[in-house]
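Multiple structures follow.
After this come two complexes, each holding chain A, first together with chain B and then together with chain C.
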Partner chain A sequence: MLLKVVILGDSGVGKTALLNQFVNNRFSTSYKATIGADFLTKEAFCGANARSVAIDETLVTLQIWDTAGQERFQSLGVGFYRGADVCILVYDITQPKSFENLDTWRIEFLTQASPSDTQNFPFVVIANKLDRENDRRVATQRAQTWCAKNSTSILPFFETSAKAATEVEAAFRKAAQLALSQGTMQADFIPETISFRGSPANGDSKSSCC
Partner chain B sequence: MAPASGDLKKRATSGQLTDAERASAWRVFLGASTDINYKKLKDDALPDAASISSDSDPLSGLLDDAKNNDGWARFHANVENREEIRTDLERLVVDGFPESHFKDPQRQTLMLDVLTVWAARNSLGYRQGMHELLAVLCEVLEQEKREGFNNFAQSGAVSDGPFHESDAYVLFDALMAHQASLFATDLGADAPVLKLCRRFQTESSQLLSLGNGFNSVEPQLYGLRWCRLLFSREIACPALLQLWDGLFALCHAHQKELSVVTEKCCTALICAAAPNLRGGAKEQIALEILMRYKNHVAPAVPRLLDISERLVDGRGLPPVRTAPAPQRPQVVHTHGAAPVKPPRARVPAGPPPGSSTSTTFVKPTPARAPPPAPPPQPQTIDRAALLSSPKAPSQPSVLPSSRLLRAVAVLRGSAVTEETRRQAALAQIEDVAAELRRRRL
Partner chain C sequence: MSTKAAETDAWGFPQGAWHATQPAARFQQTTEEKDADRDLKWARMLHPTKGFSGVPTAVLKRRWRKGVPRGWRRAAWPELMDHGPAEFKTAAGLRQITYQSLVNSPPSSYDEVIEKDVVRTFPRHARFATAVADGGRSAGGDDEAAAISSLRRILRAYAALDKECGYCQGMNYVAGLLLLACDSASRSPNDPSASSDAADDEERCFWLLVATARGPRTRLRDLYLPSMVGCRRALYAYEAFLRKLRPKLAAHLERENVQPAMYATHWFVTVFAAQFPAPFAARAWDRFLAEGWKPVYQIGVALLAARERELLALDFEGLMGALRRLPETVDVERTLGLALRLRLKTSDVRDVEKRFGDDVKPQDL
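Here is the complex of A and B:
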């Protein structure tokens, strides 16, 4: 099963670093600026239910799309966002502006992706650069308040460090789990029931046996 | 500016420009201005805080006053711009150079100033990727200076770096005159870069009869990067410099917008990848090849330029040579009136002799083993394969399909199945058979 994850956030907050830490378990101080979009994939066992035991878990392929912090939404095409199963919003705890822009990223994403259920489309919020705690300028409480305000259920919120590999795995696992439950909900929705019994057989009823 | 001689164009499109003459050739091809007073532009764009009227110091908290003061408004806008540019410069790495090369503080400051001044003077401002274009220009100017040919100094030259900062600005400004529109996104689906992407996708699809896999990948996903960065993430230096030599020369010689040449070059890149994109290649495979082009295809630059020029002047793809049929020994040239061009001299993989002491390029590491030559297929015209497979077998062109399939099998979760393994095994057998056929010939 292929799940599509889209990562959004201001330029330089560490989207590419987070993605590389999760997929390749490594960190570099010099990731090139993303131009347009890029993607990495990772296979993971994951369950749709937060409390699921291992037996419920299925092998999923996460196709995680990294985007340029400066890119305008229109240039990647509407189709790019429409296929998303979950969206990860990232800010940098040392850059208040990147936190203030979460609103814009969230609204723009919903506008472009236009999911059937805007209220319940899954988002995960990541506060990155926890390794620079001394330079922190966005309080945890402030972000938690924002998360509570922007969802009927509370948005999952993680404070991470792509550099120190803190909570990165947990954040992406949560995203995968939400994506899977989102995907499952869509797959379970079967609009028409096809009945074999009693349907008129197009004039050709050889199947009736004697 | 004197028009470039035909000879210069010819040498530029066949990889023969030297490090000493490259910067000058680019100035000519791109139509660089000779009367820019960079020092004045810099003073305007980067005003010293102390030189701005102190009547309405924004630090006193009178924000409205600050807004009404042009000097301060510009100052703050530029400070913000500068921080954005700095974020990108601090992580600037260009393929083909050591990671530390562009981290050098002198180079960083120079590029920061040039980009800030350009952004201040153009409504588009700084857009991500411009810094990578400038980095390549700076390298070319450094080469020129090392070769002792820097005689382009002009009024208001600022010379406190490895070369004249003003030269970098002039050359960057000239390139951006062609390139800026591709960075604009405010027109939505009508943005020039998106129109360009749609055109090359349609053209490649028609010329190469590529399958649904290719057609279902939205071209802007990879095209934005290809066009804006002029292929600098697809082709590493020093081959990239030879590609730019040719693109700029074609732009000048055919009196076309650079974006037209770029568009045709995108088609040429797809031509080179066509053997991997055709047939039953699924969307995910096509996506992987196009997004990570360098891992799968290594096209020869003269070939890319040849195809680009043919498409620019409307001659179409090179005529196809059919392999001699077993019963009829004579070689028949088909399709098109243009004669088959003799093969161009292959570009050496390393820097040209004579510049070895000055070059800073990282020696390219061979990423993959050379693939087997395409199997000879009598009476079958494989246009794309002919285009993309250089005649010398030593030049890697495309990955063997078995390896690609294995790579893709990892990519697609659902694809790690018996069927994929079977396909990979079959493809591997085909590769071995092709290799055997090649050796027998």
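Here is the complex of A and C:
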């Protein structure tokens, strides 16, 4: 089962670092600014509902699109937003402006991706660079209020550190879960592609993320 | 110092995955003797004050297409351009503007993103390495790598000079490549031009950036404008030429829904400077500065054409993976050689770029 994930947010909030932590379990001190787009995949076992046990788990391939944070790159016609199953919005807890721009990113995504159900399209919000707590300039409460305001149900919110690997896995797991239930609801769930976990997942591109 | 030299390549980049993928035979071909020979040829061809005057175009063209020797780029790049830095420095409207005054202009809204990018430009290169890896503000202090300070000043100065364009992500790699390619430390011992210090080098790079951004042949500014119209034009033209030159491959990519914007944006915005190894990028720039966009499209198509059989067998995910690994797996000589053999005329480029103008609705521009 293929799930398409798009990750958005201002330049420098740590999108590439988060992806690298999630996909390769690494944080590097030498990230390059992303120009245009980047694409990564990761296989994971995932349950469509939170209480699922191993037997419900589906092997999913997450197709993750990383994008450039500078606004003008949006004008390149971001065709790859289309067909997304979930969108992850990222801000940096030390940069209030990156938080304030979440609205713009959310609207931009909905406009470009034009999902069938705009109201219920799943988003996950990530507050990154938690290891820099001392420089924090966006209160958790403020972000939670934003999440509540922008969703009919609960908009999942995670405070992460790509550097310290805090909550990164959990945030992506949640995103995958939402995408999966979204996919199920849209009835394009193809049973043949489900693989039950028969043996322990191993190999570095597979992880038991749920 | 000696251990450091052993671990980095001629450009100062650490030996990495890319070096491992280069066919050993190709490296042996470029023997020291041959390099010395080419160095002398360029010394004879490039006059310190008269530039390339008197050199038959056919000879010059053949030589820049083989690649300007590492030690001659500093002198040759401005001379290869149709509108070099000298023209821009003295152009009406720019004549009274000094680099220093631009550097000292008041802070702009672009400073923030420039600051984020200067510490994320060739971070594995010693001259650009930074202790600040946590996305915090780079101090700009004494311990900061010198090239980072140069880069910051160059990018800020450009944004101050060209307010409509400002700063576009990607310009950092272009300015970074210029700094590495044109520094006086790596210049040929046969280059008679007066030696200069880092401040001179920096200013030269700035005017070179201005000239490539605004020159009618290179037009990089079109790509950097807020609408990025030049980038869309480049992606459009590249796709058209891929279809024309490698129809089977183009059809396969289209069937698999792989669009140029998904993998090639950085190729054009930085003219291969962002991800590709410096020796490859610099060779592409030798042709870009002298010939404009045609070789850029040829090289773009060649990057795929060199791997056609492999790519034809891949599905969407496989394709995206292979395309994203192109920079670290590129076979420099093979790709550049193939690019030269791909038949493309300057008029083809003109026609396709015109078609882009006709196809695109005015509100999209």
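Operating definition for what follows: the second predicted complex is superposed on the first by the 178 of 210 C-alpha atoms of A that agree within 3 Å, B and C clash if a C-alpha of one lies under 4 Å from a C-alpha of the other, contacts with A are read in each partner's own complex, and residues count from 1 in each chain.
Definition applied: contacts are C-beta pairs under 8 Å (C-beta built on N, C-alpha and C of every residue); 3 or more make two chains touch, one makes a residue touch a chain.
Since the model is a prediction, treat every value here as computed from it, not as a measurement.
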item	value
Touched partner set for A:G14, first chain B, second chain C, both or neither	second
Chain B versus chain C as contact partner of A:L76, first or second or both or neither	both
First (chain B), second (chain C), both or neither touched by A:W105	neither
Partner chain(s) touched by A:W146 [first = chain B, second = chain C, both, neither]	neither
Which of chain B and chain C A:F123 touches, first, second, both or neither	neither
Which of chain B and chain C A:R132 touches, first, second, both or neither	second
Touched partner set for A:V60, first chain B, second chain C, both or neither	first
Which superposed partner A:I35 touches (first chain B, second chain C, both, neither)	both
First (chain B), second (chain C), both or neither touched by A:E43	first
Overlap of chain C and chain B interfaces on chain A (superposed complexes)	11-12, 29-33, 35-39, 41, 61, 68-70, 72, 75-77, 79-80
Residues of chain A that touch chain B when the two form their complex	1-2, 11-12, 29-39, 41, 43, 59-61, 68-72, 74-77, 79-80
Partner chain A, residues of chain C touching it in the complex	113, 116-117, 120-124, 129, 133-136, 168-170, 172-173, 225-228, 231-232, 235, 259, 261-266, 269-270, 274-275, 317, 320-321, 324
Complex contact set, residues of chain B against chain A	84, 87-88, 90-93, 99, 103, 127-129, 131-132, 185-186, 188-189, 191, 193-194, 218, 220-225, 228-229, 233, 287, 291, 410-414
Partner chain C, residues of chain A touching it in the complex	11-12, 14, 29-33, 35-39, 41, 61, 63, 68-70, 72-73, 75-80, 92, 94, 129, 131-132, 135, 163
